[in-house]
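Scrolling down, you'll hit the structures one after another.
Paired with chain B in one complex and with chain C in the other, chain A is shared by the two complexes that follow.
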Partner chain A sequence: MKKLWKDPSSAFCLSFLLLITLLALLAPLLTPYRYDQIAADPLLGASWSHLFGTDEIGRDIFTRIVYAGQVSLLVGLCSTLIALLFGVVLGLVSGYYGGALDALISRFLDGLLAFPSIILALAVMAVLGPNIYNAMLAIGLVSVPIFARITRGSVLTMKSREFVEASRSMGAGDGRIMFGVILPNSLSPLLVQFSLTFASAVLIEAGLSFLGLGVQPPTPSWGSMLNAAKSYLTISPLYSIVAGAAVFLTVLCLNLLGDSLRDHLDPRMNKRR
Partner chain B sequence: MPDVLLRAENLTKHFPVKEGRFGKQRSRVHALDGIELSVYRNEILGIVGESGCGKSTLARVLLNLIEPTAGTVSFDGVNLQGLTRRQMREQRREMQLVFQDPFSSLDPRKTVRSLIAEPLDIHRVGTPQERTKRASELMETVGLSRSYLNRYPHEFSGGQRQRIGIARALALRPKLIVCDEPVSALDVSVQAQIINLLQDLQQQFGLTYLFIAHGLDVVRHISDRIAVMYLGKLVEIGPADTIFTASRHPYTCALISAMPKFELNPSSNPLPLKGEIPSPIHPPAGCRFHTRCPFAQERCRREEPALTPQDEHHSFACHFPLPAEAETGVRPAVHA
Partner chain C sequence: MVPMIARKLLELVLVIFFVTLIVFFTFRLLPGDPALLKLGQDPTPEAVAAIRAEMGLDRPLLSQYLHWIGDLVRGDFGASSLDGKPVLSLLAEKVPKTLELAVLGTLLSLFIAIPAGVLAAVYRYSWVDRLMRSVSLFGFSVPAYWLAILLMLIFAYKVHLLPAGGYASLAENPWLHLKGLVLPVLTVGIINAAQVFRFLRSGMLDIVNQDYIRTARAKGVSEALVIGKHVARNTLPGLVTVVTLNFSLLLSGMVITEQIFAWPGLGWLMIQSILSRDYEVVQGAVLLSAVFIVVMNLVGDLINAMLDPRIKYN
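Coming up: the complex of A and B.
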């Protein structure tokens, strides 16, 4: 973790993500307005009272960006956690037991991977109906196969390691071997993937909201704000820029962080440096 | 009749391998073929043989870590193949394994404390405090400082790591410890220390060892009896002294003559072995050793010799055993 702070790009990413998180968490303290409060005339430019101006019905954009951060980060985090949980369990089981069970799980995951993730998430949202919890479920489901594959891969390499056999020879049961021995030794690729999936989850959430399938108004979301802003691109370009930059920078930072995590955690990459 | 702790009957293990373009042709690796073996209580039984002769498979099948293709193992009168998975896990308290490579057999993410206490955790022996106490006692027993309790395996040398592995095997006070080449990954100077430690522990706790090695020199020092394996078969078994001074099987003699020794006049004729160990996928017909045996005759190619007892303790599998007396000139001189 200390190494990450020494690397300038990952230090920047970490600080930006920390800033976004703090802004989202402290939203009520940072702004005098509510996110659904009509505070001034519509489509004002930047000023001291409205840092990023106001939107099409006169709500403060800064306030809405900050509150939208809550939604985006929460959806991103929860859906990644859902994906991690199911992916790890499926990957452990299919890698550890192998055979027909492995074939069944792997084909199911291949099926999920065959769809572009945004299309699959769209389909799930269309079935479940648009709200924040369904968005988490849909985005989580889309990301399950990646975690499952990574876990399965490391289980397959770990399974033949001698310390796993040692645990078995001492009388450890399957659950203990999977969760107590194999999983702790497979954490680093999962951590990297967590960061990358978090990024894509934020992106998919923005996409869904852009299409009106994510979080419903008046709750703000970066995606739905972008959608609203695109109609006023010429009158109030700042509106689009700010909403777009929020998504863009968050996703970029998460991706860059994932990359530098991989560089630091993968011993093979270390040697090349 | 000595007290039998572990008994293997007709123990056979074949691993299927796929051959041919589409993996349709199935062949089998004959890792173990019809092994008959008894381990007596409180003895150290050495098992030797070249790489690939099935020693490690034997260790794992005896501990039921690998299911045998045929045959049975009984431990303390209990047939291991008849146990449920749960019963087998319980049974593992009595039988532990020390691994060859102390670098790969210890989980790199666990501290020494949790490594040594792992068997106690698994079988829920005592409270966590008692387990930690036992772990530090065990560290002292195997000659490590208690202050290392919270260190990780990568901070230790090979010999120290093997001591951790031994402490872990001792934690549940097992009856049997199978040592799978416990010193072959270590420096020569450390090997002797580990062997002495194992010997001390055996006396202190009344343990039974199955001690696997690929060379006779290692087992010689420690074993009460020695069994020699060749290509999945037991070729000779007997008291250690008998194996060294009066072995009858040509393969055993070849192994003995291959031992490095200090001699002023190398007068004894070594018994050279030709060629490589044959593939266990297609083992030779008849006596498996006939392809390399200097004394092989027609009968050896056709007929497989059975392991026949010579006297109460000494058995070997050979149609034309070497003479029992050591003055033929073929037998290499062995200096005690």
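Coming up: the complex of A and C.
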């Protein structure tokens, strides 16, 4: 962690992510308006009382951006956790037991992976109905295969290593070996992937909301704000720009963070530098 | 080669089997009874029972699934609940429009990513490499909808050079068709280029560090020949994989791009159908795109097997 702060680009990313999290958490203290409060005339430009102007019905855009941050980060985090949980369990089981079970799970994951992510998420949302919990579920489901593959890969390389054999000879059961021995030793690639999947989860959530099938109004979301802003592109370009920039910067920082985590955690990369 | 193709085909069938299972059960989860949806408010219990029998909903799940698969194999994807048109013909009408964007977007992305990837690998860890990587991170992280809107803002509203969206048929109005293509293809191409570039660069760097490249250099082969022949030739299979794998990402981005630019392709149809609760069409579109991706991956594997004899025997 200390190393990350020394690298200027990852330090910038960490600071930005920290800032946006704080903004989202402290939203009620930071702005005098409520996110659904009509505070002024519609589509005003930037001013001191409305930092990013007002939206199509006169709500403060800055307020909505920080409140939408709560939604985007929460959906991103929860869906990534869902994917991590199911992916790790499936990967451990399929890598550890091998054989027919492995083949079955792997083909199922291949099947899941065959769906373009937004299309699968859209289908699930269409069936379950658009709300914030279903969004977490749909986006989480899409990212299960990648975590499962990574976990399965590390199980396969570790299964026959001495320290696993050693704990088996000391009488550890299958569950103990999987979760107590192998999993703690496969954390670094999972951590890298967590950051990257978090990024894509934020991206997909905003995409779903942009299409009107994610978080429903009046709850603000970066995606749905951008969709509204699109209609006023000529009158208020700032509206589109800030709503998109919020998604873009968050995703960019999460991706960069994933990259530098990989550089620091992967011994192969260190040698090359 | 033949046993390898046979094995791949078997895998393909298995994966498609799981794809159909996932689609079937996802759409079975629909809240509410499809029969009730069809009948509207306050139907008589007899009418409900009749339509359930007609739709096959009173049979066990397995029988429903087999029935559905049988219909699919015979090319019966069901009918739109809006106008009763067969889903397959609705899809067939949209697919070429999506493919046009996908193919042109892929070509554009290769046009950008190949030279950039080669430059970054040749001048690895220099400022050129760093610059290219920063630019690619932009493309990697920018949301398709935002890029599309920014492009629209610049080229349609500020410079008035291109239409902000819409589709004109190639036969009736070729010039307008081409002009309408530019922004969607740019959106799709730029995002895809970032992906291809990242894979290409890391793929080439892996190869540059291999022993046989060092041997080639030691023999006095010029750097241009090392990169142009030895490295490029060995990067090719990876490139094919990336391009075919990326079709999945491409289709994802396309759903949004088509929606923004009102380009009436598969993604556009899917959104319209979701909004009008026309689930048979949604189901068909989801299934079709997944099967398409699976087939694309197989095609990629086969091309690679032809390019790299080592793959055949693994």
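Keep this in mind: the second predicted complex is superposed on the first by the 273 of 273 C-alpha atoms of A that agree within 3 Å, B and C clash if a C-alpha of one lies under 4 Å from a C-alpha of the other, contacts with A are read in each partner's own complex, and residues count from 1 in each chain.
Just so we're on the same page, a residue touches a chain if its C-beta (ideal position, glycine included) is under 8 Å from a C-beta of that chain, and two chains touch if they have at least 3 such contacts.
None of these values were measured; they are calculated from a predicted model.
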Looking at A:Val181, would you say it contacts chain B, chain C, both, or neither? Reply first, second, both or neither.
first
Touch test for A:Ala228: chain B only (first), chain C only (second), both, or neither?
neither
Please indicate which partner A:Ala126 is in contact with in the superposed arrangement: first for chain B, second for chain C, both, or neither.
second
Determine, under the contact definition given at the top, whether A:Leu257 touches first (chain B), second (chain C), both, or neither.
neither
Larger residue footprint on chain A, choosing between chain B and chain C, goes to C
Given the touch rule stated above, what does A:Asp110 touch, chain B (first), chain C (second), both, or neither?
second
For A:Ile139, using the defined touch cut-off, is the partner it touches chain B, chain C, both, or neither? Pick first, second, both or neither.
neither
Per the touch rule, the chain B residues reaching chain A in their complex are 63, 65, 89-93, 96-97, 99, 101, 104-109, 118-119, 122-123, 165, 168, 172
Would you tell me which residues of chain A are touching chain C in their complex?
107-108, 110-120, 122-124, 126-129, 199, 203, 206-207, 210-213, 223, 226-227, 229-230, 233-234, 237, 240-241, 244-245, 247-248, 251-252, 255-256, 259, 272
Which positions of chain A touch chain B when the two form their complex?
161-163, 165-173, 176, 181, 184-185
Show me the residue ranges of chain C that touch chain A in the complex, using the header's touch definition.
11, 14-19, 21-23, 26-27, 29-31, 137-138, 140-146, 149-150, 152-153, 157, 209, 248-253, 255-256, 259-260, 267, 270-271, 274-275, 279, 282-283, 285-286, 289-291, 293-294, 297
